[in-house]
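What follows is a pair of complexes built around chain A, which joins chain B in one and chain C in the other.
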Partner chain A sequence: MTGEPIEALKNGVQVMISSLRQNPQAIETAFISIITFDSSARQVVPLTDLASFQMVDIKASGTTSLGEALKLVSNCIDNEVAKTTQEQKGDWKPLVFIMTDGIPTDDWQSGLEEFKKRKTAYTVACAAGSGADSNLLKQITENVVSLDTADSQSIAKFFSWVSASIGVTSTKVEDAGQEVTGLSELPPPPSELNIVT
Partner chain B sequence: MPEIGNVKEQVTELFRKHHVEVPQDRKDLFNAFIRDNNTVAAIQAISELENLLMANWKQQDRIATIKGQSVRITNASVGKQYEAKLDFEQLGWTDLAQWKFEGLEETGLTFEEEQKLISGKPALSGEVPLRFLFKLEGQAEDEPFNEKVITLTINPDPKSLWKNLVSDKDDPYWKEDDITVFEPLGDKYILASSKRGRSHANEGSFREDDFAFKSLENGWSIVAVSDGAGSARFSRKGSDIACRSIVQYFTEEDAVKSLQEFDQILAQLKAKAAPDSPGKLNHFVYNTLGKAALTVHKKLEDFASKARHSLKELSCTLIFTLFKKYESGYAFLSFGVGDCPIAVLNKDLSEVKLLNWIDVGEFGGGTRFITMPEIFRNEKFATRFSFKEIEDFSCLMLMSDGIYDPKFVVEANLEDVTKWKEFLEDLNGRNDSGVKVELDPGNKDIVQQFSAWMDFWSTGNHDDRTLAIVF
Partner chain C sequence: MTSIKSVSSIIHPGKTYQYADNGEPMRGGMKDVYFAPDRSYVIAFYRDKQDFNSKERLTKIVTQYYDSFFNREGGEYYKEIYCWPTDVVQLGAQIGLVVPTYRKNFFFAKGYATNEGIKGKEKQGLWFASAKFRNKQFPLRLDDSELGNWLSYFQISVKIARGVKRLHAAGLAHSDLSYKNVLVDPVNRDATIIDIDGLVVPGLYPPDVIGTADFIAPEVLSTKHLPLRDPNRKHANRLTDLHALAVMIYMYLLYRHPLKGGKINSMDTEEDDLLSMGKKALFIEHPTDTSNRPKLNQLPKSALPWADVSKLPYTLTGPYLKALFDQAFITGLHHPEQRPNADMWEQALLKTTDLMQPCGNTLCDQEWFVFDNSSAPKCPFCGTPIKGPLPVLDLYYQFKGTVWKPENHRLMVYHNQYLFQWHANRNVVRNERLTAEQKVPVGYFTWFNNKWVFVNQKLDSMKDLTEDKQVPIGTMVDITDGKKLLLSNEEGGRVVMVTMANKHT
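Moving on to the complex of A and B:
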């Protein structure tokens, strides 16, 4: 991802963070981490509470190491998301958003196997533009949306929908730890987002 | 004065740039030319201008570098003391001669130039573009400051963002947002409160917790608490049905009779009259309370099918305790499904007994509900019941996770009597807002005091809260 899409993505994340900062529940409880993947996957922001979060420069060029990214997010969940024990209060289940504009160039199936072993409240994958394969993403999660074009307007809409989804579901997840099973429980997506069925 | 060698070099260079060659027969003239005072002075002037030009460029390049440098300063929060030091060494800003900030005033922060320290309590939230003004060493006094924008993120105070919207009274399953009561219960008193959490108040949605209690026949009393699942659409109705139907169950003839039977079983156990009395007692607890719990489940199932809801939409936890005073002491019969604890503290507060175990999942909020049919089929079902005897007690407490989470945090703390003592001290006024509840039946303000205490502030804990104290 380069050029307009990556700029739009950075902008989208920034807008999302600002809007979440206006949500009292999110500001008291939400933590955010960012993983980028191109020729390799990197956690560019470790799990950070919303109030302390600072945006970093995101760069992505070259290939699409989706498998490595799925492995990395699995490791990060293991290391950074606390589980309930007698002496420790567990975190809420993580929400995972994946956005890609390309076809994976690595052994993504093995990454997926790892990822499937982790529990998430839900995972949403977004195929941005015609270069991505939404049917492939369907194998990662039931919840796949696609953008016809990876332009700044569509990407901005995706992120404002993500912010709204975090707002809604953090309440649901938090209240009872119940699974939010599908997109039907999230706010209605904007017209730029096609739900892949 | 530049040396003659330098002058020659520079003039030669100049000539080369202008494609001027000095032929053999002009060598003498050239030598005289470079020795001419005017030439020497001109070369010196050129050198000086060049040096000035280069220094200017270097300075501008440096300024551009500083302007483009990414500088992160820690985010601030409205109302919270803030301090951030600009580490010039680390930033590589040792060549700065003067510096100041503009744009800080509006935020309520100040900048100490000497200390390079931003501090204070921010009053306004937002992404604030701070103008960092600086001059480099070597910049003239009358030159304007260079400007670099450093963005400071100031988080709003979440307290100011929470809204308190009333719930829709016309909703068929509406219940009061907040309720606090104080009444006699058996030979004791009960102080109970159930309050809608901030997350629900913020959206104008409903309180999903509930409680119920009653003095029953034959000396028994019952207290029940239920926590409706936030993700279930009608859990407020579920918790209502669960609490009311368990109390109802124990007022019906069958249950009254069966509790009478308990008197004999207990007497036999005490007198060690029959060798099988411990087994009998276990059986009794399992059968009586098991039937009661199943009845609640069935009531919820019936309601769901009549109202055309799915049972899952009524998801709620349920804890209840029956207690009765015998000559030998108090007997407690309890049941629990979900993450709401029941505890009883003995008279001198030296011991706490937990009357149930709580269902907590691997992740936050994970629990089980009375609406789940698998609860009744699970091998652990029998362990959900308990019988405990205590000579006398100072208080019996039933609470939803809205109280347990902020006040006890983890399961291990529930077993620690010192944590319970702290909890009682907290009720007695040892808390951030200094709100005190005097647990005395003669206290005329007990309801208001308790209601105020229930509103304690706890960051990140915004669930419904229910606490019932029998004392």
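Moving on to the complex of A and C:
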């Protein structure tokens, strides 16, 4: 990812953080981590509470190591998301947002196998622009959002929707108490996004 | 681009409302919200289609109940207590509500202490119910100028309790009381209940939501796995409102949740949440079962000092509120019909303010505390002792003839404290129906020439029973240990008896 899309993504993350920092529920409950992937995958921000979160420069150019990224996020979930023990209450299941503008260039299936063993509250994948394959992302999660063009406007919309989703899950318990798993229980995405079904 | 759109009322034929659509409405949990061009009201459209039941419910709320709450004597007071919708509109298949804009004091003047991130944003209740946002080490703490003092939160709680009391008196239940659905202004000691559209109207189906996490009653959580219309499923009602009200008052006074402690009820985090707030809910300060006490070593530093229930126990709120918290979180936690009602909370909060003392330390964060009945009283928040003798006045009423009985109501005296009609006469009830005349003080206490005196301003039949002489208006009487004063010889007039605490400092 280079040029306008990566700048838009950086901007999107920043806007998201600043909007979450205006939401007392989010400040009370949310922790954020960022993983980037190009020729390799790196955790650029470890799981950090909103108040102490510091933005770092995000770079992702070249190839698309989606498989490695899925393995890394699985490891991070194991290491950083606290499990409940006899002594201490653990963390809630994480929300995972994956954004890519390309086709994976590594063995992404083995990464997916690892990732599937972890429990998430929900996972949303975003195919940004025409270079990404939303059908492939469909194999990772049923919740796939595709942006026709990876321009700053649509990426900004995606992030404002992500912020809203984080706000909702930490506050309301709706209806018959099923766990939130599908997009139907998230706030509807802005009209410019296309949900792949 | 912003365009001005128009929408029609479904109740008043021909009535239309304008709103400014910039394509980016404010998004609530269920509604998209647009401002009127002059910002005097908002239009909140439900994103989901509303069925016949829902339309009927909303129509009743904005017509029949609106009239019975506001278009009658005393209605003006309640206009401030709620942000009540005034009309229902329809645009295509979408139903919307017309709601007045929140008053200006419910938006942050400063917000955070260190940046302008929330300046101008709504003062949603949670900002003021959490220890974090008032911890001096927390990066996103609120500015001191936004926090008010401890007494502010008693007045705020009184207003919320009154709002709930009035709803319940009309047979309604709010169904989603929480710190998200009240706006709170500690600076002006103000509060208003919002999101009235979830009201449970008698005889009509309740809305299909169970409330906001942290406030959902245990019986609702422990039956939420059942289908929506299952007869065993417990829904939001008056008694679940009373659970939410108790939780809210506890949080506004103590900045921690009464049920969120250290006990683990399941190794699955989500199930543990459900059990800890539902079937296995246990008061963190339960006097005999201590298994749910907060574990301080597991909590972030920003939760202190309030998370430490041994340092700042709920008994700091005084005897009247302690009794109600016991009733709400011990006896009534799993027995909804035993929960204290809103009127009891209102009265207990008001009576507790009569037990409050200003802290002598000008730097004390709380500024006020409840007298703890000890012989050497000190501020529990900053440790500053009270200097000099402290008169404690116990109120008595005439039982029959010469027999006077205690009211279980005590008034702590401080310098320049006022006395009111509701102290002098038991037939004057301190509630929202007080007239302007009744809110004028009848006299005041003051530390004068090294002794405590009471200056009588309006009590025309006051008598010093110990000295057996009248205390005419415009004169003063010494307040000394053991003194008995008749405040009024009218029916309901009270006698106060003085006990001097802290005599030897």
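Of note:
Going forward, the second predicted complex is superposed on the first by the 190 of 197 C-alpha atoms of A that agree within 3 Å, B and C clash if a C-alpha of one lies under 4 Å from a C-alpha of the other, contacts with A are read in each partner's own complex, and residues count from 1 in each chain.
One rule holds in what follows: contacts are C-beta pairs under 8 Å (C-beta built on N, C-alpha and C of every residue); 3 or more make two chains touch, one makes a residue touch a chain.
Because the structure is a prediction, the values reported are computed rather than measured.
With both complexes brought onto chain A, simultaneous placement of chain B and chain C is prevented by a clash. In the superposition on chain A, contact is made by A:Gln86 with both chain B and chain C.
When both complexes are overlaid on chain A, the residue A:Gln54 reaches chain B alone and has no touch with chain C. Of the two partner chains, chain C is the only one that A:Ala164 touches; chain B does not reach it. Contacts of A:Arg21 after superposition: both chain B and chain C are touched. The superposed model places chain C right into chain B at 117-125; the other stretches listed in 117-125, 135-143 or 279-287 stay free of clashes. Residues common to the contacts of chain A with chain B and with chain C across the two structures: 18, 21-22, 24-25, 27-28, 50-52, 83-93, 171-177. On the chain A side of its complex with chain C, the touching residues are 18, 21-22, 24-25, 27-28, 49-52, 83-93, 164, 168, 170-177, 179, 187-188. For chain B in complex with chain A, the residues that touch the partner chain are 70, 72, 74-75, 77, 125, 127, 153, 155-156, 158-159, 161-162, 198-199, 202-203, 208, 229-232, 235, 315, 360-367, 405, 409-412, 459-460, 462-463. Contact residues on chain A toward chain B in their complex (touch as defined above): 18, 21-25, 27-29, 50-54, 57, 81, 83-93, 119, 171-178, 180. Those residues of chain C that touch chain A in the complex are listed here as 27, 29, 47, 117-118, 121, 124, 126-127, 130, 132-133, 138-140, 180, 208-213, 216, 224-228, 262, 264, 266-270, 272-273, 295, 298, 300.
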